[in-house]
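Quick notes on the structure that follows.
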Amino acid sequence: MRLCLEARQLACERDDRPLFGQLDFALGSGDIVQVEGPNGSGKTTLLKILSGQLGDYQGELFWNGVSLRQNRDHFLANLLYLGHAPGVKAGLTALETLAWYQALAGDIPSEDTSLEALAQWGLAGFEDVPAHQLSAGQQRRIALARLLLQPRPLWILDEPFTAIDRNGVALLESLIQAHANAGGCVVVTTHHRLDIARLGRIRLGVTGE
Amino acid sequence: MRLCLEARQLACERDDRPLFGQLDFALGSGDIVQVEGPNGSGKTTLLKILSGQLGDYQGELFWNGVSLRQNRDHFLANLLYLGHAPGVKAGLTALETLAWYQALAGDIPSEDTSLEALAQWGLAGFEDVPAHQLSAGQQRRIALARLLLQPRPLWILDEPFTAIDRNGVALLESLIQAHANAGGCVVVTTHHRLDIARLGRIRLGVTGE
Amino acid sequence: MNRPNEPQRGADAAVVAMLKRDLMLLLRQRGDVINPLVFFALVITLFPIGISPEPALLAVVAPGLLWVAALLAALLSLDGLFRSDFDDGSLEQWLLAPQPTALLCMAKVLAHWLLTGLPLALIAPLLGVMLALPAGSYWALCVSLALGTASLSLIGAIGAALTVGLARGGVLLSLLVLPLYIPVLIFGSGAVSAAVVGSGLAAHLAILGALLAVALMLAPWAIAAALRISING
Amino acid sequence: MNRPNEPQRGADAAVVAMLKRDLMLLLRQRGDVINPLVFFALVITLFPIGISPEPALLAVVAPGLLWVAALLAALLSLDGLFRSDFDDGSLEQWLLAPQPTALLCMAKVLAHWLLTGLPLALIAPLLGVMLALPAGSYWALCVSLALGTASLSLIGAIGAALTVGLARGGVLLSLLVLPLYIPVLIFGSGAVSAAVVGSGLAAHLAILGALLAVALMLAPWAIAAALRISING
Amino acid sequence: MWAFIQKLRSPKWFYAIGGKCQPWFWAAALGLIALGSVWGLAFAPADYQQGNSFRIIYVHVPTAFLAQSIFVSMAACGLAFMVWKIKLADMAASVMAPIGALMTFVALYSGAVWGVPTWGTWWIWDARLTSMLILLFLYIGVIALRRAFASLEGGARAASVLAMVGVINIPIIKYSVDWWYTLHQPASFTITGRAAMPMAMWAPLLVMVVGFYCFFIALTLTRTRSEILRREGGKRWVRELVEEGADGL
């Protein structure tokens, strides 16, 4: 069975302003899709809908053929979502944060793999520093280290390149590519020009206001 | 008299880790300087020091030849600082926010110029929407509209391109260039590759962790 | 990675991790544990100053004052229960975890009670002494507060969940939650008064226990639902 | 743009703009104005429930209870005074404005008092009736609360400024501020009690006025200094 | 004066001077406290009304005095830190706060224990007791605020501001509490209203008070010195000092 997230006639409006309508797409193994559009065109809104956080949309979403509303648990077990806020507690260290995320996912926390993931993200030496003493980019790197730790097929990433320096951008791009090659599926928004082969696109707000 | 921000032997450490040391530079009319460095190298810290917000540094800062610590009022009257947080109140509309910033600077708020500035930033039609109903990028655009409204010679901008789409990036770059050509001075951090002529650079954390 | 993951089991591990994390965060900022206690003590100090220092008068109003002050201390500490998770995006992450949200909420409420309600119950006798509370009712004070604050934490968490997305939730939270606190207050202060008089203590405590049982059954679902609504807003 | 700007005058315009903005924000989320009032009313309701519904007893404790409840309501509403500005970055912007920070702080405190302290003073008589407060002291209740809450707002703003950068400042704020509130509470509730007895009201009000004068002189500087510290931390 | 302030800027200088003074203060403190205790507990006559319970005075009064003095010195240090940016002053303030809180607590506790035989109750809302309790809260507030800040510098400044605001309020609180007490209740028993003590009781008390002050100074010196080492751990002179110490061993 392939994994598959499918949207049929997806439409959403906020405050009576239509954001997008008649979206139809199906994402499966190996797909990388960039959601594009100017500021305020509804990218974040779309990602929140796709990750099951926002309920007021028209149309239907299907996960492996079953409507998302009925299949939420199965869907969530396959999803890794990173939003605008990094989800990193100011009072916890990087290691503690990752251990908590692993436990939350039902995995057994393993310090070795966490250390490795942090080292890969350039946080070696900062594993035991409370996050509020880290810079904006370092905090986001902790969140991104989850990509290496939690094997979920579907990644939904909302502006993951924010505050990340150039090495970090290259690393993230290679991770996204590798994930798709391994059969995963990635939905990403960014204003960067992504350096990725076989990139699908969903354009929002092209007709504009 | 040229305007001039000068740093002599500027050094800063946080939690016993030296961030940078022996920085010497002088910024004057027409200069554009990009502060570069990987995540956590101290860019934000440097900008907060330069804008007089962070006091625990070694070395001296001078504004037009007088130490910054004695000359704060003069300095602030010449400074426009945009930080990581946009400084846009969720409950206020774009117009109200701009009017408040103008009054705060001692200028007489003028609705026409505000409307013009907002339109230039693509917010026509959103002038009277409370900011919490705007997207991340739209909120930042309100803050950036201040660049058009408040004629201050020295701009200090911390990652101003965050969440801004490509048109916005081009606009901001042209504004920075125009400001420098008109005799202003700009200090900016970003991980973008700036498309700007005669760009000075301050590199932080090259030896770094 | 070609096969979709099945929903994981491991809910108990997740609940334990949540409990551990919250206890750790609270204990790390030691202030979070001590502050409600000090607030309790301070409010108790305000009353004799505002009302009158006469021991005879104070003894009469002591059970009510102690309970009201403990209730306010528990209430105020609730505001941060979900807010910090909301602000830094952790909340949306753990709502997306493939675990029963209600259980995770329970873990958070338990951590809160362990480090707020329980300590309040334990120091209440000391403040009782200062208010000239008649001897013999200290035990009732402790037990009724321990039982009662557990219900307060559960009920309060619903309010905290509903207001988490709103700026300045603090006062709105009080508004939502205080009316629901009234039954607990009645039977809690009733228990202490009964102990002073020397009658009917067991009945009051039994009712407090029953309230707690109801809260335990219903609150977690309500909290989980409220959180979903809040992040949707 | 080759000549540096001189420091601007226009401080009065900035102060007025700040006042207007804060009033607008508070009035727009109407909850922020009503919530302290409802909290006040609810706490006053809790006491008869917790203590005893006997009017004779209530009348004795009424001045103290009313003052303590008003004080807590004013205190709780303070937490948000600078916090929302801090969270969205407005605070760092207005601290960088070329205007005297102390004056801008005053404008914020004034807005807070106009929409919190003053309404509390105005509805207090209504709650006084519910607590069987003897007639003839209502006027004293209003005036003492109006004067007193102004001091409370000023003093409390210092605490709010000190804790603005801290997670969960709420309870810490109470801890810092409540001890400093005690003189105001003593003379405030003293004024009401004096009015009940029918003596010495003027002296109490005069002292409340003097406290306010001291607070007006010193607090703005302390608030400004505290804010600078908080954004530095 | 200015030269002295300049000297105070250097923790190194203070470390050396403090090291020289501290043994004397410790010796004086231990000597006086030992003398005072033996004298007060064993030789001073028992009170004709209270019997032996009055001997609590030898702990109670010195700690009560200290509790107030320490807050004032803490605020003075805060002022020095904020105005002249003397880091040393803040180090001293930071070690004083817990000592002050402890003294306040001991004064309260000894007073409460003493209250049982004399007043028949642990606690009454007497003016002086109440203002002492509030002082304890102020101490806790200063300590909690300092801890709540992540950065040392921020915590130091915030605690200084609070200490200064608090010290302005202490006389106001004292005055208002006195006023409140006289209003609410006739003074049926007060601490102050007693006749002057006989010399035989008073002399050991004086010894104890001076001893406690010496103890406070000595403890502050010692703890400030270790605070200097902790905060200046990276500085060259500290590292040299540590190496010297290692050589010496």
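Letters A, B, C, D and E mark the chains as written, and numbering starts fresh at 1 in each.
Quick note on the criterion: a residue touches a chain if its C-beta (ideal position, glycine included) is under 8 Å from a C-beta of that chain, and two chains touch if they have at least 3 such contacts.
Please read all numbers here as calculations on a predicted model, not as lab measurements.
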{"item": "Selected interface, A-C versus D-E, where C-beta contact pairs are more numerous", "value": "A-C"}
{"item": "Rotation angle (°) superposing Cα atoms of subunit A on subunit B, nearest 5", "value": "180"}
{"item": "Whole-Å gap separating subunit A and subunit C, where each centre is the average of the chain's CA atoms", "value": "35"}
{"item": "Separation of mean Cα positions, subunit E and subunit A [Å, integer]", "value": "56"}
{"item": "Distance between the centres, which are taken as Cα means, of subunit D and subunit C, whole angstrom", "value": "26"}
{"item": "CA centroid of subunit B to CA centroid of subunit E, Å", "value": "48"}
{"item": "Subunit C: positions in contact with at least two other chains", "value": "29, 31, 35, 38, 42, 49, 52, 84, 87, 167"}
{"item": "Residue numbers of subunit B (touch at least two other chains)", "value": "56, 84, 90-91"}
{"item": "Shared-contact residues (touching 2 or more other chains) in subunit E", "value": "134, 137, 140, 144, 148, 150, 153, 177, 180"}
{"item": "Complex interface listing, subunit C residues touching subunit A", "value": "1-11, 13-14, 16-18, 21, 24-25, 28-29, 84-85, 87-90, 92-99, 104, 231-232"}
{"item": "Touching residues on subunit D, where the partner in the complex is subunit E", "value": "158, 162-163, 165-166, 172, 175-176, 178-180, 182-183, 186-187, 190, 193, 207, 211, 214, 218, 222, 225-226, 229-230, 232-233"}
{"item": "Interfacial residue positions of subunit B with respect to subunit D in the complex", "value": "1-3, 29, 51-56, 64, 73-74, 76-79, 81, 83-92, 96, 99-101, 103-109, 151-153, 182-184"}
{"item": "Of subunit C, residues touching subunit E in the complex", "value": "29-31, 34-35, 38, 41-42, 45, 48-49, 52-55, 58, 129-130, 132"}
{"item": "List of subunit E residues in touch with subunit D within their complex", "value": "82, 134, 137-138, 140-141, 144-145, 148-151, 153-155, 157-158, 161-162, 164-166, 168-169, 172-173, 175-177, 179-180, 183"}
